[in-house]
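Labels run A, B, C and D following the written order; every chain starts at residue 1.
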Amino acid sequence: MKTITFKQKKTSSIALEFDELIPDEIYTWGESDFNKYEVPIGNSRFPLTDYFDIKVEGEAESPDEVKMIINGDLNRVKYIGCKMSGGEILCNSSVDLHVGAEMSGGTIIVDGNAAAHAGREMSGGYLEIKGNTKEFTGASYIGEWRGMTGGEIIVHGNAGKQCGECLSGGKITVLGNCDILAGIHMSKGVMEIQGDVNRWPGGQMKNGTIVINGKLGRLLEGFVFDEVVDNPDIEGKVYDGRFIKYTGDIGLNGKGTLLINADVNRDKLGEYGESDDEYTSIREYRNL
Amino acid sequence: MEYILKNGIVYDPANKVNGEKKDVMFKDGKIVEKVSSDAKVLDVTDKIVMPAGVDPHSHVAGPKLVVGRLYRPEDSRKGVTQKTNLLRGESGFSIPSCPTTGYRYSRLGYGTVVEAAMPPLEAKHTHDEIATIPNIDIPALPLFGNNWFVLEFAREGKIDELAAFISAWLKISKGYGVKIVNPCGSEAWGWGMNVHGINDKAPYFDVTSKEVIRALAKANEKLGLPHSIHIHPNDLGHPGNVPTTLETFESVKDIDKNAAVRNQNLHCCHLQFHSYSGNSWKDASSGAEEVAKYVNKADNITCDVGQVTFDETTTMTADAPMEYDLFKLSGLKWVNKDIECETAAGIIPIIYSPKSPVNTLQWAIGLELFLHIDDPWKVCLTTDHPNAGPFIRYPRIISWLMSNERRMEMIDNEVHKWVHSRTTLPTLDREYDFYDIATITRAAPAKIHGFSDRGELTPGYNADIAVYDINPNDIDPSKEHELIEKKFGLTDYTIKDGEILVKDKEIVKVKESSTIWTNVKGYEEEEKAVIEGIMPFFNQYYSIKWENYPVHDHYLSNPIRVDVEASK
Amino acid sequence: MAYEEPITDYDEIVENCTCAFCGCNCDDLDYLVKDGHVVGVRHACRLGASKIMEDMDQRLIVPMVRDDNGELKEVDWDTALDKAAEYIANSIRPVMYGWSETSTECMKEGLALGEYIGAVLDNQATICHGPSLQAVQNAGYPIQTLGEVQNRADVCVYSGSNAMNSHPRHLARYSVFCRGFFRSRGRFDRTVVTMDPKFTDTAKMSDKWIGFEQNGDYGFYNAIRAVLKGKELSQDVISGIPKEDIYELVEEMKNAEFGVLFFGLGLTHTLSKQRNIDIAIKMVQDLNKFSKWGLTPMRGHFNVNGFNIFMAFETGFPFGVDFARGYARYVLGETNTIDLLTRGEPDVFLVIAADPGAHFPNKANQHLAKIPVIQIDIHWGPSTELADVVLPGSFIGVECGGTSYRMDGVLIFMKKAIDKPETCRDDEWIVRELKERVMKLRKEPNVAPEYIPNPAAQ
Amino acid sequence: MHYANTYLDKPVVPDVNINKEGSEIVLKCMLNTGSDIYQGACKKRGSTLKEEYKNVSGTCYMDPRDMEKLGVNNWENVLVKTDWGEVVVNAAASRDAPHEGTVFICKGPWANTVVSSDTYCCSDPTYKGIHCTVEKTDRKVLLMADLMRLVYKKYVDEDDDETIENMPSLGELPVYKKKE
């Protein structure tokens, strides 16, 4: 087991790019290798040691045996764990864009907030964010219709707009609230939202399941009321309580499932008109 | 500057040179008989030397290409590379950016690529892009098959006027030959419809596809253009389109060709997409044998194949209604682009999978055509880039053609079982040799397009040469198909107009491309009269001014003008 | 305004000039020229005429550099170019923004410079139709040239676009009033529908106005898609529109012979941004199952589409392309100007033929106030108030020829009609000079000669 | 030389005649920004320093009923506040009324001050649909150059907003040092 500890010396206003510092690349590196390494910042490269003190302990035979601990203010450090296939990364701060993007294995734990594109197009592994995330959590690259295909993302806080866009496998759990258009263009996989959801979850979804345990703002016309179910079982997990089940988005003959908690969404039962006290949490997201 | 390529093993089908060890010499951009003792020696001992490749049908520049690039960033992302001191950064897999297109063709040993569809209204744009593609010469074929003026002339049977119109529009759009795509069908698409078969009429214009094809073929031969009509027949990709294809061939049988440089009076592109039997996808099967039989008998027909390569690629064609049919099947993002009074186009991403019965059928039909058509001079290697696969897959197709073993391996293990029940591919064991490969990738396309300065290693021709790191006496293509694919994928030398562009598998030079266009002489008066007649319509119904319509010299990069004396 | 006498006092008429205002690129303007100035414009709309007969009071005539007191000072071209080149050569995160009101020939030089130095190249699409392009990338692009609309369209829908104000000749020249081959009675053969929360000038001359509520676009189009699939709407009012009206509208759209949807910034700037257009495109694609439908984004500047087309064929990505790592990168939220500025990353900002001072939100401009800004433009504008180096360019389509692409992608060559002021230079020349000077200063691209701390760095 | 005239003093707006005190001091509204033909013509002509630009771009178009609530007439001044900033603009009756509860400011330096810079990863700031408040004010609407000086303070030594606001105006013509 190799533990690599990054301790921040100074921050940069221009983001550092950590896509080369993933376990797959650095499991053989010693401290001297890090001292030689120059990290991309903007159009240039600067010695990594200008920004971080690095301590390496132990040996690793493979990426899986690497544990990276990154301490400091990482709000301008992007692409952490991008494309990694194994090992563990611990970030003791909020992180910048693309944390865990395109990862295929391993674990990333962020003890703070994550900026946009967290876990974009990941195909495996585990990404846990203790704070909030911004837009496009677990989404696809622009233009691509196959987004996240495997692995798991857990967001303890709130998720921004278009969380789980084009989700085509794997699972996203948001313990807080979700902004508009969660699970848009989704085609497979499960999205679980414990908190409230702003407008229009599941827009143009083809398949897959969205479970909303909190209050739902506006529902799209593309969703057709199916039935009320008790304690539904979604891919092995039982959700306690009574849920309203919708199918959609029928605009494209979608067969997706949208389950919303019946107890807190009584207005949606029967005459499910538009809710007046629309949930808006835009302010919260902005202040991330 | 003089050069001598020493001790290579030369395949030059036009001069019937079949694997002879000999030197190839060139001076100041042209192949020569001999050079002085100062000539620089390039040692290519026991390596294959061929004329540089000629791609007879590819989509590399123009308005629909750019929409493809613009709307598929996920494809552009795939081929991204770092820039070097010489090369720009590359991007794209199925629809590479312009610089990338040039680099990749150069690495394959190609020197000339025909851009197969250029709407005259967007000709300036097409030439703007051609100027951005380095290292290859690109003639462009303007679209005539759904042009309103053409439809009118064809209905009235005004062949003289039509000839003058073509002659004028080649000058205006700086085009090379006559391209016809789904005649009358793309016009019908203006109202969301299509034509079915060759005898269906375009709405309003009241003219059948057959009449349009015949009129254009007659006008083409009247002018004696270097290339024959280049046709993408009706009903592309529909099961049961074989009769349409054969009727299309049959319709020009009686029209005499009028150009010494070529043998055919009709070139059918991506024939694979036009050789489906059956009534629906449920009972579809290969019609390749039937079509190939016709081609074998007819002297006036040539074709290129449009081989499916099992990749995720992008289809783009001026056959817009067909693209909408594809969209209804796949539901992927669909682009349509209608061009006023002239044509339409559609684009959609597509994934050709060996597990899919239909894609397997398409793959097999392509190979069947290659193997059933006896004379390699009648068939060219294309993937209809990027429709059936990107052009960087040509080496893979070559490896399939040269190795029955590889084909059988795929048939048995990799592709859908339809290949057994619906095609004759498993029964075919023909294998191409290097001479045949040189024919279908160089000599035949050059002849079909009527080029008289490329595609051969004849003295006086352009020094467009490709050297591959293959010793033909030392390799068994039947067994070593992987090596064949690899070696044909990256040349030892690519020489264009006497300049060494690729050396030892690396691009060492980037040069500006040229465009080739046909200038018909002797029709000036008739052209003037036709344009005068058209002008009131143009002023009323085109959304741009006449002054802005023709391609000015500003957009032409190093034009090569082919002068044709019209015989009348 | 009071009646004005027509202009009769002119030396010559230059015919068939192309308007350098909006994405209509009308190529039928006649300029009345006297003593080397355009004194009148025929055929142009108010916007075009106003732009072409520019305000000479505010014309940038000479190169200027900001001195230590914060005052702009006239300098010679060499000094100004050297100063600008120095800023660029020493930068770590340069952004080159603008390009939409210059020619593609100039963009070519800009791209070479940007690729060399590792800059971000972005254009005005980033603040106007960027979401449309993203939607195109997600959903497709059923488009047609404007002549096709003129000749065939019988239903024209303007959604979130006030064409009468932003593209005044669009309806007259291309879509509604003009007589087309199959629409010989012009306006009488066509139905015009406007979808806009406001009763705009375009809505006033439409046959139908759908005043859906602000930010309700996505739900509205989703309902239309559901109806197209034969679903009964469950709510009585969707996004402020009664469901009966939606049924009626859908019938009308299904029965069109050739329908066109023109959409503008009303869709791109509201709550669900690119998804509004995403679903509008999907709606148009659905409608093609019933009849023929297409769409066209109402592009604002005359060459904003040109930059997207140019970048797409040169690099594979339409806008917001980042060359910092030596290869092209296009990531939304990361390589776009507004995001970069609000994150406080750029350390040099080159603005060419654009006006961030007038169009960027406060927070983005706050960062421009902290970093060197190089402006290449023809008029003294809000951006000049933030600029450190000002390089006076020339007016494409009037003083200088060049290539532009219309909103539907048709290339138009904009010809030169008069000479530029003596002390100005062509944009293309300025950018090429900058490129050559930067290449001298920074021999090895992508390696900074020395670390220059960013003033905004913590 | 006789030029065709494209200049104008103020945009043409419907008449309103409000002669009583407003019923509300602060009005909550939805703010939209965008372009209109007057703004477009003035901006692209290049007359951005002029009084004309101030009037075409620095104007808040309101529903007459909203104007009545605030008690403002055409071309009186209002203060528009959002979470992103505040700006003083002219009030004028909208040509597109009725749209009660929605106000419109043409794009330009005035609108920029109060629009949201949030792009939500989609490159485009939120220029439309912003919650704002509108109130009557005695502060004057600044010319473009003065406004840029006040908001961005790039080349003033002063920090205090009020001091900058009351500095001498930079005027309607470019100010730069010519070569001797």
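Keep this in mind: a residue touches a chain if its C-beta (ideal position, glycine included) is under 8 Å from a C-beta of that chain, and two chains touch if they have at least 3 such contacts.
What you see is a predicted model, and the numbers here were worked out from it, not measured in a lab.
Peer 1: Which chains are shared contacts of chain A and chain C?
Peer 2: Touches both chain A and chain C: B, D.
Peer 1: Going by the average position of its CA atoms, which chain sits the greatest distance from chain D?
Peer 2: Chain centre farthest from chain D's centre: B.
Peer 1: Averaging the CA atoms per chain, pick out the one whose centre lands closest to the mean of every protein CA shown.
Peer 2: Given all protein C-alpha atoms shown, the central chain works out to be C.
Peer 1: Can you pull out the chain pair that has more C-beta pairs in contact than any other?
Peer 2: Greatest count of contact pairs is found between chains C-D.
Peer 1: Mind checking the centre-to-centre distance between chain A and chain B? Centres are C-alpha means, answer in whole Å.
Peer 2: That gives a centre separation of 45 Å.
Peer 1: Taking the mean of the CA coordinates per chain, how far is chain B from chain C in Å?
Peer 2: Each chain's C-alpha centroid was found; their separation is 36 Å.
Peer 1: Distance between chain A and chain D based on Cα centroids, please, to the nearest Å.
Peer 2: 40
Peer 1: With centres defined as the mean C-alpha position, give me the chain C-chain D separation in Å.
Peer 2: 22
Peer 1: Would you give the residues of chain D that are in contact with at least 2 other chains, written as numbers and ranges?
Peer 2: 120-122
Peer 1: Of all the residues in chain A, which ones touch at least 2 other chains?
Peer 2: Each of 116-117, 135-136, 141-143, 145, 162, 252 in chain A touches at least two other chains.
Peer 1: Among all residues of chain B, which ones touch two or more of the remaining chains?
Peer 2: 71-75, 77, 332-333
Peer 1: Does the chain-touch network form a line, ring, star, complete graph or other?
Peer 2: other
Peer 1: Pairwise, which chains touch?
Peer 2: Contact pairs between chains: A-B, A-C, A-D, B-C, C-D.
Peer 1: For chain C, which residues count as touching chain B in their complex?
Peer 2: 16, 18, 27-28, 104, 115, 133, 136-148, 150-152, 173-174, 179-182, 257-258, 285, 288-289, 291-292, 294, 308-309, 312-318, 323, 325-330, 403, 405, 409-413
Peer 1: Under the definition above, what is the set of chain C residues touching chain D in their complex?
Peer 2: 1, 4-5, 7, 9, 21, 34-35, 37, 39-41, 46-47, 49-51, 53-55, 57-59, 62, 64, 66-67, 70-75, 125-128, 130-131, 134, 162, 164-166, 168, 197-201, 203, 214-215, 265-266, 268-271, 273-274, 300, 319-320, 332-333, 336-339, 342, 355, 357-366, 368-369, 378-382, 384-386
Peer 1: In the complex of these two chains, what residues of chain B are touching chain C?
Peer 2: Counting only chain B, the residues touching chain C are 61, 63, 65-67, 69-77, 80-83, 88-89, 91-92, 95-100, 121-122, 124-125, 128-129, 132, 189-192, 204, 324, 327-328, 332-341, 348, 540-545, 547-548, 552, 554.
Peer 1: Taking the complex as given, what residues does chain C use to touch chain A?
Peer 2: Interface residues on chain C, with respect to chain A: 91-94, 117-119, 134, 137-138, 218-219, 222-223, 225-226, 228-229, 231, 233-238, 271-272, 275, 278-279, 282, 286, 323-325, 330-334, 343-345, 347, 445-448, 451, 454, 456-458.
Peer 1: So in the complex, the part of chain A that touches chain B is made up of which residues?
Peer 2: 141-145, 252
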